[in-house]
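You will see subunit A twice below: alongside subunit B first, and alongside subunit C after that.
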Partner chain A sequence: MSTAFRPLLTTLARHRGVVGSMVVGESDGMIVQAALHVGVAGEVVAALAASLYRKARRSSAAAGFGDVGFLTLEAELGRLCVIGRGGLVLIAIADRGVNVGLLRADMLAAVEELA
Partner chain B sequence: MTLAAAEGWVEGPMRQFIEDARLCHTLLLHPSGRVLAQHGFARSADVMSACALAAGIRASAGELGRMLDGRPFVELHHAGEGTQLYLAEVPTPRGQHVLLAGFGSESSLGLVRLYRAELADRLARAAPPAEGARAALPEDFELDLNRNLAVLFGRA
Partner chain C sequence: MSDDVRRWSEELARDPGSRVFLQLGELLRRRGDLPTAQRVALRGLERHAHDAEAHDLLARVYADMGEGERARDEWEMALAIAPAHQGALRGIGFLLFAEDRLEEAEAYLARAAAHPEADEATRAALQRVREATDAARATAGPLAATALTDGRYLFSDVLGDGEHTAVLLDAAGTVLAGEYVLQDGRDVATLVGAELCGVSEEARRAMRHLGLGAWQALVFETEVARMAMAPAAQECVTLVAAHRDTAPGFLRRTLDRAADRAAAWLGGGR
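Coming up: the complex of A and B.
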């Protein structure tokens, strides 16, 4: 891992249960930088999560709710947490054991570095 | 969604790909420029032109890649202001094919790349047994091209 977002991704990777974190282009769904455990399908998650975030933003705007804050998807075996700013999206992939509150706090702080 | 395929085995995989990736224009063609499936084009002349251009770009990019990187470039992306273009090779049991996909803000490069991989898997499953290597010989090319265009635009 190298360059601009390394400290941010390292912070997220320290959370117990986080198996991957990525900075991804919101419009193209392409990975800018990532820290992933072996076996995590980063490119696939990046493309789909960025798409999900874009759609959430549009849905929120259409409903008159303004900007999207923290987006979390709870699934049977894990959680996907997404937050964005300035055309970039920060994505955390975690198992069910993650402390979502702490992760959310760190992601909210980290998103300031995206812009 | 209007999709026309000159060969039946590509229709299902292409339909799924176009729906998943939310494309506005799509072509699947042989590297020679012979069209196999089209979506989003209204005129056969446009399909013929787009196929010729896509085949030319693919050939040029391949050579450029060999010169610069020792291997051909197999994916190209152009981020236009409104419509984006993605050109890539798709391997099938019947040889390499070329995919040209046009998409807008409903989709993204990441999604199109993701679903292209799934398209290749589906084409591999759908392909009938190979008939043996059949090159697009110069004497056959125009005949094949015109036949496929006629099938796609309901003139066959």
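Coming up: the complex of A and C.
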């Protein structure tokens, strides 16, 4: 497996509350590289998160709103954060303890490394 | 143990990377030995993670086990690898049909039937779903008419005069209420809705796999707007869009109010 994104994933893993992060192909939802806690269902979540990001991007295009940036899916006990560039998406899985503002800032910086 | 099971099992033992697990798993599934078929499929996937047939096999096993959501996940993986995969399109179509989600089922079966390799069973299934869809539409006629006449301005007082808009979409991406009018006067609600078809189910499944509970909001930023969605009854979603400079907290508050309005209009809780 590629190690090109290891530093990027390590940076995200340092955030309090982050239980996993992945770089995934946007079009096929396949994991390129992942750093996940044991028990996290990486494959399926990667596919679903990539699909959600694609839907967001297409709906934005349909409205003429341009590219999509940061996306977050909030749930009762945590959230999924996604950002994409160059056919790849960076995904972070976090519990309720995460500081979303800090995570968003790091993901916005990290996305430059995806292209 | 039959000759085929013995032969294929021995081949797998000699060569664990062999794709013969596909035949072995399918034979076991047809015989009803679902736990063994599941084990064979999962082991095959360990070595052939990007093989659409392997995901299709595991999906069929899950479907036979009554695990519809797991089957759907595997078929979606197969489609991500091979977008025209017949088994996956048919399988998801049948699952949706069984859940009475007729329009979505029709969409998947139509994709399968349009393929040159489509068989008679697929075309017959599509015909059956279309007949059921027509019957359902005939029954739902008055409701659809009400949505058209009354629903367009459902969110007007919730949104006020600000530069934001809201729509209520069903699971198939159909606009049930609200409008999405751009500055140039175009209403893009239908286009946006079509692209967001199935978003509620995918959000729900992602959170279920992560054990994070029910999804509450999906928010994303674009170059010119912030968009936010919340779940509503019957797999519907409420979508609010606002200018990019809108404060996230204000957007969330507007989304909550729009979602409450949608819930009341749909006649149930959120």
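Just so we're on the same page, the second predicted complex is superposed on the first by the 113 of 115 C-alpha atoms of A that agree within 3 Å, B and C clash if a C-alpha of one lies under 4 Å from a C-alpha of the other, contacts with A are read in each partner's own complex, and residues count from 1 in each chain.
Note that a contact is a pair of C-beta atoms (placed from the backbone, for glycine too) under 8 Å apart; a residue touches a chain by one contact, two chains touch by 3 or more.
Owing to the predicted nature of the structure, the values given are computational and were not obtained by experimental measurement.
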Joint occupancy of subunit A by subunit B and subunit C, clash or fit: clash
Which of subunit B and subunit C A:66 touches, first, second, both or neither: second
Subunit B versus subunit C as contact partner of A:28, first or second or both or neither: both
First, second, both or neither for A:43, with subunit B first and subunit C second: both
Which of subunit B and subunit C A:51 touches, first, second, both or neither: both
Partner chain in contact with A:15 - subunit B first, subunit C second, else both or neither: neither
Broader residue contact with subunit A after superposition on the shared chain, subunit B or subunit C: C
Where subunit A meets both subunit C and subunit B, residue numbers: 28-30, 43-44, 47-48, 51
Footprint of subunit A on subunit B - complex, ascending: 79, 105, 107-111, 113-114
Contacting residues of subunit A [partner subunit C, same complex]: 28-30, 40-41, 43-45, 47-49, 51-52, 55-56, 58-80, 93, 95
Subunit B partner contacts - residues on subunit A that touch it in the complex: 24-25, 27-30, 43-44, 46-48, 50-51, 54
Parts of subunit C lying in touch with subunit A, wherever the complex brings them together: 49-50, 73, 76-77, 80-81, 180, 182, 188, 191-192, 194-199, 202-203, 205-207, 209-225, 227, 241
